[in-house]
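Next up: some structures, all given as structure tokens.
You will see two complexes here that share chain A, one where it goes with chain B and one where it goes with chain C.
Let's look at the complex of A and B:
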């Protein structure tokens, strides 16, 4: 379990193995458009989107102990919201920020109803509300375009009025936009889970009763976690329309809610990086298995089952354990 | 008229056809270490649950420092100066011992909402948690996952979390259950120390009569959801009804 800061002895090292790995990864991501083609960039954007989606989900699940099966609802509010705004005013930031905030507002409203319950009752409620949003996407033709969804969404330029206007026409530019937004959002999430608020979430996960008796309104904090997860789902969804130029009802379907769950279980719920690593693996596994069979989800399911049964901590914990075993006599940070 | 720290009137709680607490009226005085005793099923834990907001009474009222808190939720009562430990251990098993004690310290300072502050920078709360770590004798285990502690150490930790909110009135539900004599002495020592230094008033539910009679200044005996007797240890020892129904040959 990610138990937060542990007192470190001696002088802090600036270049730890962890930091070097993160630095290397960011460098690789920055260089990707130079070495990879359009397809690589397209997949990388999808990985980043799922990373944000799963990261928010894990703040709710891994850190606060609430399993939501309805995150696709907020993902869809972000996607449709951003698409509608882009059709209204072709400005990328306007669409992305607007879509994210709309999803946050939806999470606030539905959250008030959901967080009154815990465990399976909470999960079922989120599933029900998620499917309600799916129905709306499907049936509210005038607003959502029904089955056909919203089409012809422009990949609007990145405009900051009076400052800059950068065209996003090429995939490479949009990739860099998504990368910067993702790194910012991941950075904020990292600060958050290592803050007093993050520790409060973990306290609620471990024991609601004990947490209430430290003088904290558990419901209020569950709602905060729910809204944060909604904002991250919304941001992930809002990055979608400009990539695909279209938004269709399946983004709201409960099977989409399963994506962050699977990614998080793959990577591991117990580590901050779990959902990010999981999102990467999710697309890698999909990409490899899809070449052999169209039933790739079955194989992904089997891999997740084996991981969960054999090693609850997911791939990240497995890797950390191997790393520690390889370097005996050294306490990992 | 005495001004009570906490006062109940006609407190009643039923579960279906079972009356767990049957119209209890009592006043707890500041600074008086009180023990609630009674046979299993006498309603002791239900009474504490009613006083700390875990349960809502069917009828009756609870006043704390003169304010009616009958409908105030648990966390609101904690903010007003109430705290408790649980009969069944209740800690944060996946957090470190230090983090367990950091949570009440953060809550007391209203810091829980700080989303972008670093935990290490919460100097006030950290100092408070470290002081508590030393007081409950768990300094050497500060970075251990709380769930990995021994039973006795976990109970000490729970006591630490309960007093970490710096309560004026603290209920401890069987604080010494399953402890070895050394751990028991730590608990009793800490209670005495905090009673004196921070003027915390403790109310304990305890089955160990040695602990009760050596520590308590006042004893409330419960049976069938009612207060059977209420008085000093000497008075309780002499009470014929109590001897017959509960203490028997123990005392």
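Let's look at the complex of A and C:
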């Protein structure tokens, strides 16, 4: 079983190529507001949000083997929950944490039902629940604002009572907030999938029967993976209202559920960094193509078809295969 | 009381569009084992093609429908022959993702070729007019749609149960390897079934052109309803798809009248409950 790209043989080195690359990337992200303008920061926030969304999705799909088509439901619970809380009490942490926990609670309740199935029936069930949440967002006018959604959501200051209160009015400040939150969440996800818990997920994906024989409660672990995916979707959604100042029903639609699926597919399913790289590529492809034509989805569709037909490992596994080929001394995975 | 009965008849004609698209979806799943996300897009393509031939070029109504079926069948053939065929051996998640790629391609291609929303062409003269049903004028065209849906149902049933071709397809559906061993050309059956499914979706789209607006969002809206229906009826179950269409069509017609707020959620709730309690569908043998 592949434990991950970092687990290499031999004496541990402090400055491995992988670590220096990650360090450089984080440095670049920290310096971005100094170089890029409002728009670059806005897109970077979007990339980070989709990264978290896709990362959670991939814990369920790539690691546990369950393809959910209803993640937009939890994304929307996070977004609407955070928006409602921010309208109630303008405190950023209160909204983001509250929205995330609400999505986690929703994932726990619906997850108990969803994990009764696997494969196509699981996908269909998540789709049904996701669309139920969409219907509520669209039709429960008193609570969600219907078509118009929730408007006038403040980008509330970051407040810890008795300690600090930082205004988030500028895009740059909010960017740093999202960056810190994302790095923390990515770090936690990395620890999770490289722990015994992550190995159990992969075991269930590869051979459900054998895991059951070793005494693992397959259902309980599937539920844990489902809730983790729901929490990450909720966190991603909860970062949205303060950015856009509004939340509308399309965030809950099944076509939004496809975004993390596409990002994960682009980057690579079997690699931890796949969804993050994929989220970046997703927005880069969009950004480049819309300069030439408004029909960027057709190109995305063609890319999806090509990836599914020929490169099911995604971009990250292509890159690592090339990297390993260039350095023949090391054992292949 | 008359209002309720009349609304039921209206729902019945809505149910027929749903039946045509769900029939194709469920047949493809039953034989190929593939959930075709692009089936709503094929429905939309059929609608756009019929709209072009009948509405824009003013050709004969029947000819327009026939050409739209042929055009959509070709697209379906390309999808199966050159793409899906190479994915039968891998995880079914990839088949789902492939057909989703086609959704993106077709939805945008339709936007590129036809642009935004159009006017609706006139109903062909021989299908114009109204009949009194429950004391209200009921469009002849809706009656025509209901009849067409029933005829398609009978033809499909006869085709699958009473012909050699139908027997071959059923044999392939129940055991591909065995069918292959006794001399059935399985790849050709797969292509044929996928084209049949595509044509059924196109027929649903084409028949709707004189009364329903075609727009680029049509595919995404239709596929989700077709999923609900095929799940209620049981994936791969043709009879179930028919009954499921009636349930969803009539329920939506009453729902918009009686409880507009929960109509949409109710349909998905039914889908979820069926999946949890009877995943083989309500009408499994």
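By our rule, the second predicted complex is superposed on the first by the 319 of 333 C-alpha atoms of A that agree within 3 Å, B and C clash if a C-alpha of one lies under 4 Å from a C-alpha of the other, contacts with A are read in each partner's own complex, and residues count from 1 in each chain.
Here is the rule we use: contacts are C-beta pairs under 8 Å (C-beta built on N, C-alpha and C of every residue); 3 or more make two chains touch, one makes a residue touch a chain.
Quick caveat, the model's predicted, so the values are computed rather than measured.
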In the overlaid three-chain picture, which partner chain does A:213 touch, first (chain B) or second (chain C), both, or neither? first
Could you say whether A:297 touches chain B, chain C, both of them, or neither, answering first, second, both or neither? second
According to the stated criteria, A:152 is in contact with first (chain B), second (chain C), both, or neither; which is it? neither
Touch test for A:124: chain B only (first), chain C only (second), both, or neither? second
On the A-aligned overlay, A:161 touches which partner chain: chain B = first, chain C = second, or both, or neither? neither
Touched partner set for A:195, first chain B, second chain C, both or neither: first
Partner chain(s) touched by A:221 [first = chain B, second = chain C, both, neither]: first
What residues on chain C touch chain A, complex-wise? 35, 83, 86-87, 90, 92-94, 96-98, 100-109, 111-112, 220, 224, 227-228, 231, 235, 260-265, 268-269, 271-272, 275-276, 279
Touching chain C in the complex: which residues of chain A? 61, 67, 113, 116-117, 119-121, 123-125, 127-129, 131-132, 135-136, 138-141, 254-255, 258, 261, 265, 295-298, 300-305, 308-309, 312
Residues of chain A touching chain B in the complex: 1, 3-7, 188, 191-192, 194-200, 202-203, 205-207, 209-218, 221, 224
Chain B residues within the chain A interface of the complex: 52, 54, 73-75, 78-79, 83-84, 86, 90-96, 99, 102-104, 106-108, 111-120, 122, 125, 142-143, 145, 158, 161-162, 164-165
